[in-house]
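Below is a structure I'd like to ask you about.
Chain lettering (A, B and C) follows the sequence in which the chains are written, and residue indices restart at 1 in each chain.
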Amino acid sequence: MSNIIEIKNVTKEFKVLNRREGLRGSLKDLFSRDYRIVRAVDNISMSIRQGEIIGYLGPNGAGKSTTIKMMTGILEPTSGEILVGGNVPYKDRTKNAQEIGVVFGQRSQLWWALPLIESFKILKDIYGVSDEDYNSMIALYKSLVDIEPLLHKPVRQMSLGQRTLSDILAAFLHNPKIVFLDEPTIGLDVSMKSRIRTLIHELNQVKNTTVILTTHDMGDVDALCQRIVIIDKGKMLYDNDMEHLKGFFGSYRTLKIRMNGDLKQLAGTIQRELPDFSVSADDEWISILVDEERSKVMEVLNQLQRSYEIRDMQLEEISTEEVIKKIYEEGVQ
Amino acid sequence: MKRKGLGFYLRIYGKILAQDLKSKMSYRADFIISTIGMIFTNIAGFISFWILFQNFPSVGGWSYYEMLFLYGFSLVSLTPVQCFFDNNWSLRMYVYSGDFIKYCFRPINLFFYYQSEVFDIKGLGQLAFGIGTLAYSWSRLGLDFTPLMLLKMIIFLLTASLIMIALQNAAAATCFWIQNSFYVLDLVTRFKDYAKYPITIFSPVFRFIFTFVMPVAFIAYYPSFVILRPDEVPLLSWLSPLIGVLFFWLSYKIWMKGAMSYSGTGS
Amino acid sequence: MNLKKYITLTRAGMIESLQFRLGTLVIIAGNLLYLIVVYFLWKAIYASAGTDTVNGMTFSDTLIYLVLATALFNFMEMYIVWEMGRSIQSGKIALDLLKPMEYRRYMFWSYSGSFVTQFFFTFLPTFIVVAAVTQGAIHLGFNLLFFVISVVMAVSINYSIDFLVGTICLYTESIWGINIMKQVIVTLLSGATIPIAFFPEPLKTIVYFLPFQSIYNAPLSILLEGHPQPLALLATLGLQLFWCITMTILSRLFWKASLRQITVNGG
């Protein structure tokens, strides 16, 4: 299959103003300014095939949105090459825009005051979608989600979940080759999240649309992505299959135990006893991430049973969330 | 992909406008209060004008009714900017909050797409007020009313509108570079209030500035000559349609350049 | 009263308003241009009038009045209505109401920082330039003291009016309409653009009975009158004090009553 997106050695630098602190600093800024260069994206390369769903991950400020802006043609790379569906996005912004769809989790791109169906009709004209394609798309939507109640509701009266759903439908309406989704499930409740994930999955299956997903929610990644790309501080840390990712830290397992008392406090004490492993606690469980190459889970459990009364336990394979966290913290060896 | 022509854009605008008007009608209170506000503004403007002329019979050789004509002319020529380009006022908010980026992903002209979002119906009240003032002073001045005069009038009103639109675009676009661009926009808006005065009252330096740098003289003064004093039309009046188009094009370029340079930096 | 927390707010406001270098320059340039227009306009008006004194004001009286009125206007303009309207619509008002300071007071002190910067960056330089250029047209004596007192009351009256109008935004979404009506009325009837001395008779009397002239006309007439009649001075200041108290009480009561109604209705 051919590559729909081709990124070669792309770098993007910004000039940033250093603001001085305090009242005196502001007075100084009035007369002289001091800039520094920030490299938001640093020599990144990747190829993406038609129909893939890619999780594009990284901590805040890692350079994710800068990369997406370059792929959508809003930003020109400082150096390197980008080809999206054969176009150079920055040079042919409008031509490129015809082939892509974009959704920002919190920012609706629909007409605020208009009912959804009217927004769809305007988009149909803007993208020059034929009646036939439009009708079959609406029919597809109707088969996937219950959109009837949404169609005649102005966007401003929708809940965040309904709005996100509408935005996703609008982004797919002209059957683009690529859809960029920026935190599509942010702020949504569990059932809405799962509805949205199913919808994205179905649309990808039926239309073979390439989906590039940036998110902080590992639930999205687990449910949708076959491949993930991780960047931090502008540099690419990882680019491979989900399977491979887990294999990376395959010797890791999570031991979850339940005890009486304040779990947060106990987790702190245990962490001191087991300095090699990362220990954390939530409302129900204390989780210990054990590297089995160092010591077996059973040994750790035995050691803990000597000093604590353990009421319950579970053993889990490492979660995507923990893998990603480890990659942010330690990088890929 | 085929190129998108004027017809395409007009059709899209028409659709958005029709839908927008439909939804506006459901917010009647807002519509009524805004309209009253607009009427207030116009009445107050007229009262200021009237107070001045209570004290002074003429200004710089222009009589009361001639000045009234200039005043009406400026009101009418300011209507399009009010009706079609009012979203310029929100620009700095979109830019500040980062929401502006949502306009950048459509396969149509960014400037058009942004401005098409808002149609400000209040401007129509000003249009009515302006036409009334124009008609009244027209008859008081005893000017002819022929199809040719009407045609000239329409062409030169459009010219004047283009200039004001250009000024506002350029002023609004400053928000892409500076933070409190509200003052710039506010300043330009205040300046258009001076469009109704004859430029001859200024010293040569400022005549130059108001003609070529801040071209407010084209909003009423130069175009009005063609109707008001057909015997002494200066060359600049005849050139004003061209100048209008030129300024509009420049402001559009500035706006687009700002939009492109901005959308990179905001997160 | 804990003075420190007010000073902290003032200081934060000062830092914020200094953040914008270009903004400051734009304001200064804008005012200069505006004043130039005012200068030429009134020069032409006086030239056409044929007499040196109109309604007891010479050309230089009028000019000094208008220059200082503009400086005062920049110093006092607060955009309170917009801010209140926005935070009411966005729901941010709920957070502001939780602050351990009465909302009306909180808003005022948040703005006090920009009062201070605006005073030093626009009003004071303007005043010094005007006093130097006109050499003696402004009497520098006790009237300065009364002027300062008068300005303090003017700030308070202006704020109360803004707050009162801002409160209306609890009832309607039409911020634009509400704000423009306020702005138009205050600017015209306060004498900010045309000295009240020029108003024709019945209108002049009406305006003197309204609170608006206490904002610009009162302090400026105190400043420009070198040797005032003690009685006249007392009358002006007394009237200001009356409006100062009345408007404070009115705006407070209206806010309280409105807020109660809104909380009861769960608006």
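In this text, a residue touches a chain if its C-beta (ideal position, glycine included) is under 8 Å from a C-beta of that chain, and two chains touch if they have at least 3 such contacts.
Every value quoted in this text rests on a predicted model; they were computed, and no experiment measured them.
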Using mean Cα positions, find the chain sitting nearest the overall protein centre.
-> B
If you average the Cα atoms per chain, which one ends up farthest from chain C?
-> A
So how far apart, in whole Å, are chain A and chain C when each is placed at the average of its C-alpha atoms?
-> 50
Rounded to the nearest Å, the gap between Cα centres of chain A and chain B is 44
Rounded Å distance between chain B and chain C, as computed from the means of their C-alpha atoms | 28
Name the residues of chain B that each touch 2 or more other chains.
-> none
Which residues belonging to chain C are in contact with no fewer than two other chains?
-> 19
Residues within chain A bordering two or more other chains | none
Within the complex, chain C is touched by chain B residues 27, 29-30, 33-38, 40-41, 44, 47-48, 51-52, 54-61, 177-181, 183-184, 187, 190-191, 194, 197, 201-203, 206, 214
Interface with chain B, chain C side, in the complex: residues 19-20, 22-23, 26-27, 30, 33-34, 36-37, 40-41, 43-45, 47-49, 54-55, 172-174, 176-181, 184-185, 187-188, 193-194, 198-200, 203
Residue ranges of chain A in contact with chain B within the complex | 14, 65, 69, 72, 74-76, 93-95, 97-98, 100-102, 104, 107-109, 111, 113-114, 118, 121-122, 125-128, 154
Per the touch rule, the chain B residues reaching chain A in their complex are 1-2, 11-12, 15-16, 19-20, 23-24, 98-99, 101-102, 104-109, 117, 260, 263-265, 267
